[in-house]
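Okay, here's the structure, questions in a sec.
Chain IDs A, B, C and D follow the sequence of writing; residue 1 opens each chain.
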């Protein structure tokens, strides 16, 4: 196998893995701050992806415009979802809160998929853009892919900068690590949790628009992505976005290389095997320590 | 009386159901059949989740493995017999449960849940790719045998067996052990419960029922493929059903399964659009407004005729012990007196004990010994290493260096659950009761898990004498998490005694008591030694209490032993006084 | 709780249980056999459609289509029965959503047999569901003509009442394409198969890789991929290394969307890239990338054939096209074959219909349908090529709407 | 009086943790709360800081009742708690921890002054700004915790067991710093189980026993009171 082939596979893996990482960011933020495992998280990608595809097919809107319309909408819906349905459960006993959030998010997953399938049709869709390609030696990259890669990098940097420099980002990290102390510092948990849920959902919406530019979506595809995203945040460390990015990209590349050297039919197994191995080796979750 | 009538009705209902396949209503037969399978799955899942507190989202994997093992065996030329294939399915599922359980039980909480969930897509990929065994995506085609009637009876029998097993687990020592794990597995372990074997046993039991359910359904359906038995869309349904009814409740999974399956079927037949939305909305609303499950909702608990369905397990246990004579009024505990030889070798020897957490040495080379029948007071500031020392003696922590011997035996290499068997009982500074069990059950659990492995009925009876000894008998039937802090500390004391210890480790149990209560407690500690010969190490801040109770005092400071001697001498030591009362730096000068 | 309330509670409970038992008993006593042989009652077909869940992405608006189909048949006079004179009997459908779950489908077919008392079964689709459903038909002795259930092994179980997918069968799927390959110039020398991990697609590859070799075209590679695969770079790298003259994609339309796009992007060169299921769904998602590709279509209105007008009207009124929803042909064929069988039998009589299905040859727009002894049909598909963004039938020449452009210019 | 706590009762879930606690603190004073483990000292501080809702009695602060629903409410009135066990944001740097302390609107404006003030008090932290807080020693962590509280510009500083896990040599440093803070006009309530140390630092103290205040007075008087130690602290 020539180096070019491997490099080509790596490029493809980085693109897919970057998208995985974007999905994982939202889940990681929400899980870190609100401590809720949102089973409907990946389904948001499926639903927003379908909506974006319909908008593109019906009105030929530019993907940027579609994102500008959908992402704030999802932000609001995510925040309202948390406020209306999940927040009240926090006052219950831990057992009831856990079971309640599972039921609420699973119920939301079913509703989201079904309503989308009824309104937009259950068929698979994408946004069809034909873009020229760039050839570097034997490696080929399309402009769309480059744009998506650039968007992933920009978004990751943006999220990173928000978390590192803004007061909101600081509070998000503080609540993730020590919720009580964050409150003692004046961070109102309700507001921060609501915002986080909104931002986390909006991140997936952003990922959805990028995803549907290269890969097809359908209303029922979300749950597998949720599992994949959880794998990434467990392996990368909860609340650790650079970790999630690295693991997401590695996962995408690993899936490609397994397809190359072993057989594409085994690629979907990689994330699961990785998750199980890491968890068994580090039962309390993986922690990235500085040397 | 009420319980009996409900059970009688259940028996009649089962008998009526058994006639269903003969009545010429195949639709209802297949519908009830799938309800029965769902019940077996939900109920067997709940043994691990509701009883033991481990949310196994991959429970359906065992259903799928059972279905596949059965189908492969049945279609292979070498086997072909249904009975043998069922047995093979059970064996394969059992092996899979043990192999998966060993690594998975290293995990807890959400991590366990998600790791188990990940098993489903993995199983699907494996099944699809291992075509030589599983037929790959072709699935496995079984002969068309029209086995609905027999399969229905098998499913009914399995469902009834699941329910009976639930009752048996609730009643058995094993069930109490599971509830101990659910509440606080470290405490249960220190009481003498070997954790991993117990967890594996629970998973094994639950997986066998799921595997059989899979085998029976595969037989009835006559065709399986990976999507059908490992698909995420179907796998979470039985779990949602159990949660909806009320996980951990005797009737919870049953009510949840019947209700959700009924609603789903009704929607399918009567609504042509958005059934999944309505179905999802029902799940969502119940999660939002009845998050503990329907049967835990106050709304239902107040309806008289539903009351028998909504009771917690504890309520059934209280029923059984309520009738027992309150023989525990006497303040004698059912403990044998341990003879104290005057010149026996020390019971506990600590030699250069070091325990480091990262770079922080909580114990920096502590040596002392405790003679049999001695009451040793252990004193030191917060953070001086007292609790760490207790944790080292009860093997919660492994030593970094040094050696601890109990009755001449080196404790290195022993598991936590073996300590109770060696006669070490302990209390926790911050009480750790099994919150959702009754006070009596808390103590009974000690008796059950401890070295004598008593059966629950006896243990519950015995528990009352320990409770009486700790002045807690009047609170025996309330949930332990409703006790006051002081009562919880007394509960800790009763639980530690119920292990039948040779060596009792008491951690700050008298703090917060009134002076009168403290005096009573001092008498109690002395009596434990005087009447039963139990050796005691008592950590306490109330010096007067130690002064009155202890034969000897050991003082720790910054993980080091700074004094060891009779109370009078130690408490007049200038360095001790300074360390205990004033600025340390000043004392050094 | 006082004694009185306890007692009342028990009475309540007993009453409720009694009511429930009575209800079960009543339902159980309902007769299971349908009233057959009437000339006035409509003939009732029972079917399930995967309207929601995993497989729903493959269905079109089939519930509406089924209703319109019945309406069209009834407008044309219904099913003509010799036993009822010339008078036609109307047809009626009972349709449920099986939610793509086999156990649910089984329950619903049992329900249609015993509660709804349908006369005949049509559909369902997909092996997952087509596997467990036939035993229901067998037990009740209700003839069933299934839709898109194409796994041959499912038909080897000694069915007496079950007939399968009345659309092109696996062993004849690409017959016309390989016939075309034998006549084109320059002749292809090598072929590589890319197979979606699915029983139908694997069966197609298995059959046609052998036939290709027999025809003198060397198979230089066979790769499999799962429906979850999104990044095909690795697979395409292998194609580029093998340099085959023909790339044969044996896949359903949806899973191969990224594959087709990435083949184009990576500038794979070949005489022809063939897609076994070249559909409108694929075209919607990959657009111009499809230009010049060849494929297989079970039927297309321009091919005409018996009942072509009926199909066209039904699909027009439903708002779907055969190209968009390739599975629609087998669906409609299952309805059509059952109606023809009843007309041949001359009565609404399950045993007579069963006999008719055994012997008969059935007309369909895609050609005659003849079942083998297992109930498996025997038809082939038409070879098409995308030319100037339009679907043209290019083989066989007698029904062709255009000549094949060879070698396909877009892959040069 | 700046703060007046009268007949305060607090519940933890269904259990009453505090029954009847009363004491008062004047502007600029240092007051101690002493008592055995579990007596209710931390709960009292928590209730003032808004961590626990008040079940009975009243807290009056600056003449107006203090019925905070959450710590940010108390914080906005200048009440800041240094919690037991420090509760630093372990993965965040020292500087980020301090910055988080200035989260409140009022403090944000004076962020840089805040840093200066903290680094002047605890010079050792200046060099460790970029280190994750969990890598610091116990005493340095405690300095960060106090520094973080200072960033919020407190008027009333509540210190819960600030010397646990602190090496003896650093205890004095922290004591000195606390004294400096107090001299700067910050009112303080100190909970410390080392009674002598506590009494030497504060001017007045209240003894809490089983959720009730049982004794109060000047620290000098309490120290001199032989009865005090024997009766309430169980010392001979």
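Criterion: contacts are C-beta pairs under 8 Å (C-beta built on N, C-alpha and C of every residue); 3 or more make two chains touch, one makes a residue touch a chain.
This one's a predicted model, so the numbers in the text were calculated from it and none came from an experiment.
Of all chains, the one whose CA centroid is most distant from that of chain C is D. Remark: chain C and chain D have CA centroids separated by 74 Å (rounded to whole angstrom). Remark: chain A and chain D have CA centroids separated by 42 Å (rounded to whole angstrom).
Rounded to a whole number, the gap between the C-alpha centres of chain B and chain C is 51 angstrom. With centres defined as mean CA coordinates, chain C is found 35 Å away from chain A. Listed for chain B are residues 125, 128-129, 233, 275-276, each touching two or more other chains. The residues of chain A that reach two or more other chains are 114, 220, 224, 263, 265, 268, listed in rising order. Within chain C, residues 52-54, 197, 226 each touch two or more of the remaining chains.
The set of touching chain pairs reads A-B, A-C, A-D, B-C, B-D, using the touch definition from the header. Listing the residues of chain B that touch chain C in their complex gives 2, 5-6, 9, 12-13, 16, 20, 23-31, 34, 37, 125, 128-129, 136-139, 141, 143-144, 146, 148, 217, 221-225, 227-228, 231, 233-234, 265, 268-269, 272, 275-276, 304-305, 307. Contact residues of chain A toward chain B in the complex are 37, 85, 88-89, 92-93, 95-97, 99-104, 106-111, 113-115, 118, 220, 223-224, 227, 230-231, 234, 263, 265-266, 268-269, 271-273, 275-276, 279-280, 283-285. Listing the residues of chain D that touch chain B in their complex gives 13-17, 36-39, 138, 161, 164-165, 168-169, 171-172, 193-197, 200, 210, 230-231, 233-236.
Those residues of chain C whose C-beta lies close enough to touch chain A in the complex are 51-54, 56-57, 59, 61, 197, 223-226, 228-235, 237-238, 240-241, 254, 257-258, 261-262, 265-267, 281, 284-289. Those residues of chain D that touch chain A in the complex are listed here as 49, 51, 70-72, 75-76, 80-81, 83, 87-92, 96, 99-101, 103-104, 107-108, 132, 148, 152.
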